[in-house]
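Multiple structures follow.
Both of the next two complexes hold subunit A, though its partner changes from subunit B to subunit C.
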Partner chain A sequence: MSVAQERLSAPVAKAWYAPEQLTERISGLALHVAIIGITVAWLVPTVGLFVSSFRSLGDIQASGWWSALSPPFRFTLDNYSSVIQTNGLGTALLNSFMITIPATIIPTTIAAFAAYAFSWMRFPFRNWIFLALVGLLVVPLQVTFIPLLSMFRALGDMTGGFIGNGTFPAVWLAHTGYGLPFSIYLLSNFFRALPSDLFESAEIDGAGTLTVFFRIILPLSVPALASLVIFQFLWVWNDLLVALIYLGGTEQVAPLTVKITSLVNSLGQGYQLLTAAAFLSMIVPLIVFFSLQRFFVRGILAGSVKG
Partner chain B sequence: MASVTFDHVVKRYTADVTVVKDFNVEIKDKEFMVLVGPSGCGKSTALRMLAGLESITEGAIRIGDRVVNNLPAKDRDIAMVFQSYALYPHMSVYDNMAFPLQMKKTPKAEIDRRVKDASRILGLDNFLQRKPRALSGGQRQRVALGRAIVRNPQVFLLDEPLSNLDAKLRGQTRIELQKLHRDLETTFIYVTHDQVEAMTMGDRIALMYDGVLQQVGTPGDIYDKPANLFVAGFIGSPTMNFVPVTTSNGTAKASGFSVKLPKPVGETTGVLGFRPETLTDRITDAESALEMKVDVVERLGSDQFLYGTVGGDQVTARVDPRLAVAVGDSVRLGLDTRTLHLFDAKSEKALL
Partner chain C sequence: MDILITFLTGYLPWIIGVLIGVPALLAAYIIGFEFVIRLLPQERQGWVRPWVWVGPALAFVAVFLVYPTIGTVIVSLEDKQGNFAGLLNFQHVLADFPTGDGWISIRDNLYWLILYTGFVLLFGVLLAVLTDRVPYETPVKSLIFMPMAISFVALGVIWTFMYSYQPPGAPQTGTMNSLLTTLFHAQPITWLQDKRVNNFALILAAIWGQTGFAMVILSAALKGIPGELLEAARVDGAGEITIFRRVIFPLMMPTITVVGTTLVIFSLKAFDVVYVMTQGNYETNVLANKAYLELFTAFNKGRSGAVAVILLLAVIPVLIFNMRQFRTVEARR
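Coming up: the complex of A and B.
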């Protein structure tokens, strides 16, 4: 319908210099300029960081990063190799993955099950428990440190140091606890919006609770799960406080955030190395974001329950 | 293949919210039964209790000889088509139809055979690999039917399956459903609020209002012998004329006319009912002729409906389409007194 109309109106369209067309064009242009301007302003520091990370200390001190963009080009990978090898950033990067991946998968999995129960199963006090859970969102992280630290000490004694302070499982558990209220809240809201007819239909078709969860809810919740994974991954990856408290700064367990903070102190002068380290810690969340972005499918429910 | 019995079934949500009240009906094996009524009358709830999606507060529902009150939905050997179709949007048409069979752990070859059979019956052969979103409304509706057919259930439940289709497709699908019912030789229970669907499709109709079953019967029975004022007004379009009357000596007297009743009725006040098609421009008997002042003329080509007043009462007449009538005219019409209905003013029950 609208296509046909456009075709019909195309030949009689006003010339671009007609007054109303002109104002439309100018306002469109202004919008684009504004958007591009803001984007550039936002990107400049990052680009500067990126470019600087490939320059030697002498160059950085001699001229601004933008001068590196014109010949003669004198880029070097020395910063990266020295920061990874001599400053132990390689281990830190690995530690970051060791912390972040389980600390993303565990809470997301638990939250998905919990959210299913909260949104589609009937049990006593369901709404009150849910309310209490959402209420936990306002509890500041800091008040949990002392109780959790003493709990982990006891747990460490019980498990022979497996979940104790300074171990990865402890920090996984901590992140799981901190992440769950929001995760459950987000997923419940999404699950609740799924049409009930689908579940009833599946029930008549003979699907049990778990089948419904794995074959209907999970495939339909991919966009929500993807955004939750991104949130949780970013939060854990960029976290300094929780890692510092429960892991400490020991070389074997410290993640990137902790390591880079200590580099700032020790390498106050070696600022070319910091740029490389910072870029390393930035690139991972970017990859995660862009690779999960394609799961944000609009209209995943299309064709299900509408005529 | 089985009969279905509702035996004093009650559905109560809270102490004072009862949506189905003492519902008794027996649906015969292979029968096409239509549950009809205005929205909120409890017809869908009755169906959902039978499907196992709602608990039964009181009474018993039997499929065949088996009481199913406490049987989970999947073990009742029923299939249901939802008003919204409720297709699984992430699965192909084939997988949608195979899903109930996969749940029953049917062998793969058997699933394939049944899905192919159903898709042939429904004309979905070329769409098996598509996702529901790539189908038209009518095709989605057929997939929903297919998902029910593959299970080869004892009872088919259909909850307003046509209400999301456009008018033309609805008429077509109505006929296809009747054919399907004949071919499958299975009990169909069909819920609708549309009296046309009820009249055209049902072997029998159960008419509900406000949680109470009003009347069960063949479409002809319900049309010709409505048990009460509500049934009379719900079935038929345009609706039956209702005129308050007082009766004495076998005659009903309204504000603008009086007619002789076919059967003697005691002295009482009531509501006289007659369908528009009994009030025509053919005057067979001068005694039952009446004068109508026309307010609205509706020409449909095959029919012409006149809306107007007789005395102080609103009535509708169906006259010859060639009769020239203008708004404001007074026309003389004849009332066929053989199919008059009389309802008690208080109980609203049929008296004739």
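Coming up: the complex of A and C.
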């Protein structure tokens, strides 16, 4: 995606108005109507669920969410309180953090080491290995589950259940393995673009590899690292499949995504609680997204190969 | 309160241990080895050092991607007892064309491949071009992009409510059925059960979620097109539509290709939306979901492996394409 990156830094095209003519005015109006219409349509699903999450079961079953927008207003926080207190959403929220934080730190760090070697060191098969990583970006995770499940079963027996299936370390390791090709790809693209004079002059001054890495490369790469951290954080936070496979139905370690999915299947008609549960799961990603959108978008632009 | 206590006793030590322990371990690894390398003779250092730096990454990739991929291919060729069975699993999965389970899954994935990829790209280009022309571009793009930040699970819940169904005559509580009955005076539809529409309903939900992704990348590409180029075309008397077709579109084509290949991969791997909204019932069982169900409800490793291998074969053209792209870009560096 270096193409898009380069283009992003190119000058911005000007808006194309020449508002003298009446026809243009009309088409301008149509443009505004179209864009605002599309945006409103895009918001409807989320707003609908948001409104529903403050309605009682009776109201949800009796009428659509839009009728709550006109008087009499009868909003309630019951869905939120009961989903947290009786359905264990609080634990699931903590579990999501327990899974996501290490599963972000570990791959980012290991990828930074590797990206440094791929960008600025010479070693046999370097380009071939990197090409293989590019290939691995698209490998469907489904193709890894069966052998890894047996491996974790064996590891669980060996470590007394510390790393086996249904434990946090198993998911951290799996997410690290799965996230690395993308992380290395993204960071290498950035590291390689750093000017080589920087390292050469530092090396002439007698700086070792570690100094160059920790004092020059990492500080200069903060934007790229930030994109990667946010990207990986959201990816792991929102992941259902990997958690489902390696944590299975183990209630005590289930993250929000797994918990909500099991509520979908178990609640049946008590499903007004799902609205609140879904919103609770969205709070963290939405805070991350709206506060750090710039970095998130940059990560997407830099690595749209990830699946 | 209970939660707070659980947090303080059960989680906080872990979180602190992990936040300090994991980075400390990784730093100790690299600093320790660097120290060892310095003890080596000068000419050996350059030979050993790169492997120390890429070592952990290669080990992880080998253990979590390369080894299990090979393992799954082998499992797909074995029967339940672990004996070599040739292509038996594939025969079972691909039995009874076109009504067998496997073929239904392949058909569903083709729907996803064509409709999801096509519409996300179409809406992405459309929104990138339209929003480029208004001053309130940023908030609009932000709102359309927002679903990218939430999980497919939350997306599934959102759309399950959009599609909810009440019998004809009763007030419709789902947005889609309400629109259908009030605007078009049609009968309500069970969007997720009715085999005529359910795959498209799932795909629509995914399109809603991912259009922002395509829009953001394509919009960045669009902004990269020099303004003078468009001015020149306009001075020559070209209309806006001609400019789009002859100037903007060709210049955006490389980016459209990249986004398109990413979407193709997404469409082949589609899992979460289906798993949350229909659990693969009513003929919506895409391959990724089928691989999961074969493993965890049918406990049939061989068949699950075979489905996963079919999925792998399906992504290979994209894999080769990406590697070629990468090499041409590298050659230009």
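In this section, the second predicted complex is superposed on the first by the 251 of 307 C-alpha atoms of A that agree within 3 Å, B and C clash if a C-alpha of one lies under 4 Å from a C-alpha of the other, contacts with A are read in each partner's own complex, and residues count from 1 in each chain.
Heads up, the rule we're going with is that a residue touches a chain if its C-beta (ideal position, glycine included) is under 8 Å from a C-beta of that chain, and two chains touch if they have at least 3 such contacts.
Keep in mind that this is a model prediction, so the values were computed, not measured.
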item	value
First (subunit B), second (subunit C), both or neither touched by A:Ser201	first
Touched partner set for A:Gly37, first subunit B, second subunit C, both or neither	neither
Partner chain in contact with A:Gly58 - subunit B first, subunit C second, else both or neither	neither
Chain touching more of subunit A, residue-wise (subunit B, subunit C)	C
Touched partner set for A:Leu301, first subunit B, second subunit C, both or neither	both
Which of subunit B and subunit C A:Leu220 touches, first, second, both or neither	first
Touched partner set for A:Ala277, first subunit B, second subunit C, both or neither	second
Contacts of A:Arg122 with subunit B and subunit C, given as first, second, both or neither	second
On subunit A, the residue positions that both subunit B and subunit C contact, one per complex	300-301, 304-307
List of subunit A residues in touch with subunit C within their complex	1-4, 6-8, 10-17, 31-32, 34-35, 38-39, 42-46, 48-49, 52, 60-66, 84, 90-91, 94, 97-98, 101-102, 105-107, 109-111, 113-114, 116-118, 121-123, 126-127, 129, 131, 133-148, 151, 168, 173-174, 176-178, 180-181, 184, 208-210, 234, 237-241, 244-245, 256-257, 260-261, 264-265, 274-275, 277-279, 281-282, 285-286, 288-290, 293, 296-297, 300-301, 304-307
Residue ranges of subunit A in contact with subunit B within the complex	195, 197-198, 200-207, 211, 215-216, 219-220, 299-307
Residues of subunit C defined as touching subunit A within the complex	3, 6-7, 11, 14-15, 18-19, 22-23, 26, 30-31, 34, 38, 46-47, 49-51, 53-54, 56-58, 60-61, 63-69, 71-72, 75, 127, 130-135, 140, 142-154, 156-162, 171-175, 178, 208, 213, 216-217, 220-227, 230, 234, 240, 254-255, 258-259, 261-262, 265-266, 268-269, 271-272, 275-276, 279, 287-288, 291-292, 295, 301, 304-305, 307-309, 311-312, 315, 318-319, 322-323, 326-327, 329-330
List of subunit B residues in touch with subunit A within their complex	51-53, 72-74, 78-80, 82-90, 99-100, 103-104, 131-135, 137, 140-141, 147, 151, 164-165
